[in-house]
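One chain, subunit A, links the two complexes that follow: it is found with subunit B in the first and with subunit C in the second.
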Partner chain A sequence: MAGLELLSDQGYRVDGRKAGELRKIQARMGVFAQADGSAYIEQGNTKALAVVYGPHEIRGSRSKTLHDRAVVNCQYSMATFSTGERKRRPHGDRKSTEMTLHLKQTFEAAILTQLYPRSQIDIYVQILQADGGNYCTCVNAATLAIIDAGIPMRDYVCACSAGFIEDTPLADLSYVEEAAGGPQLALALLPKSDQIALLEMNSRLHEDHLERVMDAATKACKDVYAVLDQAVKEHLQEVSAMLGDRGMA
Partner chain B sequence: MAAGFKTVEPLEYYRKFLKESCRPDGRELTQFRTTTINIGSITTADGSALAKLGNCTVICGIKAEFAAPLADTPSKGYIVPNVELTPLCSSRFRPGPPGEEAQMASQFIADVIDNSQMILKEDLCISSGKLVWVLYCDFICLDYDGNLLDTCVCALVAALRNVRLPAVKINEDTGLAEVNLKTTSPLKILKHPIATSFAVFDDTFLLVDPTGEEESLATGLLTIVMDEDERLCSIRKPGGSALSPEKLQECISRAITRHKEVQSLVNEVLESVKSEK
Partner chain C sequence: MAPAKCCVPGERLCSLEDCAPGHGTYCKHGYIFASLSGYVVKKNDNGMMPVLSIVRDTDSHLLPVIGVTVTCKVMSINARFAKVQIMYIGSTALKTTFRGTIRKEDIRATEKDKVEVYKSFRPGDIVVAKVISLGDAQSNYLLTTAENELGVVVAHSEAGASMVPISWCEMQCPKTHIKEQRKVARVRAEYLQT
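After this line comes the complex of A and B, so read on.
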């Protein structure tokens, strides 16, 4: 088979990364004025936007109200122009619904929902450009948006994908690597406590290899954590500098 | 104190400012918010642009696709605009099928494209009666803060200028289309329509580029679309307070100067994008 060589003999991937290397992550918090919290993140060519509203009163049917904790409401949508082929339905198809559910499950595990009984937290994520690792990018964007909204969480939620090609675990798969159809694992981790918020694996992988792939994904998540934490600190410094100026005037 | 006054009597709060010919955000009545345009940021789209008027943010992505032409216009392509107002941009929108405001905006943009004749639909024809281009222009509002139409039209003009279509040839033998991705060409854009919106307060004050708050308090709204030859492409005044012809004339002259401002901004951004490459 004269397919694309995903890993060269020298150990480099299609885009020139090493096996355990992440794509470049750029993040910004507090990008919008309307929302309670917002963040924009780029992981390589995947670009995602997350917006958080709440906690606020339950909207719509009151029967959803939980008396001991907050309801987490998510919506994942992909821009029609985010993929190579134009997407007909930006949200509401099965793939998006599954992704919405995954995000909801992830963040119900991380947000301290019991602090806000009888209320609702909305998380909306939008993929503007897709190049692999959509779920992971969305989780990272949503984490930053929740921090921006000031909603308490157990820990950051950091997500990263990992694959297994030619006996080597690869971190943070791009679209080309995802499309090759090898085993693929998405991991959302609470990095400080090493707790797994969500883990999903597609395709087949021998049990003996699982540990190595998991290790690669865990390491990648911790690398993501370092970048996100840096972004949060920089944002806080900017904000406090601005407040400081105002205080002097 | 001022914040309390604003909450209890928002209209009275605004009137106090308008009497002094200024607005709570520090603008004059004829002043636009800071306009920013970013072109070509989405590489998966055939053309894209992000437009920002103050806080109001709209991203436009254009995807070109093949389609069979309609039977009565065999040599015309088509352009399909679609505006999305998701709950992401403001808590006033609910998830689900597009609401009235989104559909109204989509139709308004479709009308602007048709009325202004900015693109000759014949230019989108690949093979008469067989194959034409369809340009899907999708607008996603990312942050909603009034004056959606102006922002969308800005994004549309900027994104269309960013579009590059590949060369397509129809193979005589097989009848199939052959796409050459190496040679791409820009669209031929004949006119650049630009929208300018106003809010009417108490039948007397005209505020250009209203924010979301101003829109909800205003007694009337007015949108004027103008091209570079100072020809009107569209005037939209959805009910509200009556407007005298003199006032309308004032608005039209403001729209003319606004067109020049936006046109030079778009050119400037396109230049900077080119020089980066």
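After this line comes the complex of A and C, so read on.
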């Protein structure tokens, strides 16, 4: 057999999805009492946990202070047991530093940082199980955690990956599809205003195809948005029901 | 009353012409958008435009701003300033403390050159102060106690007893009757528990 068939003649992918179909998303907000905000999300077999602290006084070197807005501090990590091969993953290796930087850029675009000058917002995300689309899952988890923390944002940030295999744009790649080595694009979108918070692609793709892949990613981000929105609204109702209809005032 | 409308970040609430933006909202292209998840509350102020704000079930984050009254604890003193930790803003307790500084010249309004920090504050005192500056790159929040209502409200003597104020610059220990010097605040009547 000449490699794995990623897209069958009938148009189904390895895990039985259609080209534009997402994996099942399950999300839960407010999983920790200790943190200001937290969220847990599963996208298929990719599982991520995000916690948010702040805004609080700048920790560590005070030279980082920004006088007109808050500093967004991110940290991305992967659990030792998150991949097929058990491996100790030290903080600050090249891959996670890059991911940290991407997350920081994404959320600086979305959080209304100018409301909290001279303070710091910490976002910690950890991948518990990696099955493709780690960046996107982290962004979605962090968005929920920030909303849970009550930090003002312009909009949700929804992220989703898209690939291009056998002349077809595929949404929300799994690990198997990522490992095949085709072009892969990660898009973080502010879905209500259609603004791009981050767009990343690190392989070659013909210009003519780019638009189709972008469209597939945009569509997938909006599908993610619908799921996240549902999760937030459910959480909101849950919390206000628990606190005895104080929100109804 | 009908249940308040719930909203999520990024949701468009109404035009800027109908309402004024309040807490938890922002404006873009002439519209008011939500920046928090919570419930929309429209408040009508006499004849003015109604203010649209978002309330959450949990408290929002507060930062000290210029002009607010804060309650802080003195952590250390030296000849030039006292370092404090801000614990309350107005009557709201902070989740995390902020560091602040009370400089010698900001301790009292008159005879500034005769002020001694150690005759005004001691580590452990609870002080009511006002924020005068957010500070610069090197310093943190600058506070002042140069008003009658500002200064030490709770202090313990060397014997460990909570002291009683006897004048604007002295407090007395109820156990040993030793007088200690402090910049005492004249606590406003409405804050006193009777």
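In the analysis below, the second predicted complex is superposed on the first by the 242 of 249 C-alpha atoms of A that agree within 3 Å, B and C clash if a C-alpha of one lies under 4 Å from a C-alpha of the other, contacts with A are read in each partner's own complex, and residues count from 1 in each chain.
The working rule: contacts are C-beta pairs under 8 Å (C-beta built on N, C-alpha and C of every residue); 3 or more make two chains touch, one makes a residue touch a chain.
Note that the structure is predicted; figures quoted are calculated from it, not measured.
In the overlay built on the shared chain, the residue A:Gln195 is in contact with neither subunit B nor subunit C.
When the shared chain is aligned, subunit B comes close enough to touch A:Thr80, but subunit C does not. Contact with neither subunit B nor subunit C is seen for A:Gln105 once the two complexes are overlaid on the shared chain. By the touch criterion stated above, A:Phe32 is placed in contact with subunit B alone, subunit C being left untouched. Note on subunit A: of its two partners subunit C and subunit B, the one contacting more of its residues is C.
By the touch criterion defined above, A:Pro90 reaches subunit B but does not reach subunit C. Within subunit A, the residues touching subunit B in one complex and subunit C in the other are 56. By the touch criterion stated above, subunit B contacts subunit A in their complex at residues 42-45, 48, 55, 57, 59, 61-63, 65, 82, 84, 86-91, 95, 136, 138, 140, 142-145. Of all residues in subunit C, those touching subunit A in their complex are 1, 3-4, 6, 8-12, 24, 26, 28, 33, 35-39, 41, 55-58, 60-61, 63, 95-99, 134-135, 137-138, 140.
Contacts from subunit A toward subunit B in the complex involve residues 32-35, 45, 47, 49, 51, 53, 56, 75, 77, 79-84, 86, 90-91, 122, 124, 126, 128-131. Listing the residues of subunit A that touch subunit C in their complex gives 36, 54-57, 62-63, 65, 67, 112, 116-119, 147, 150-156, 190-193, 229, 232-233, 236-237, 239-240, 243, 246-249.
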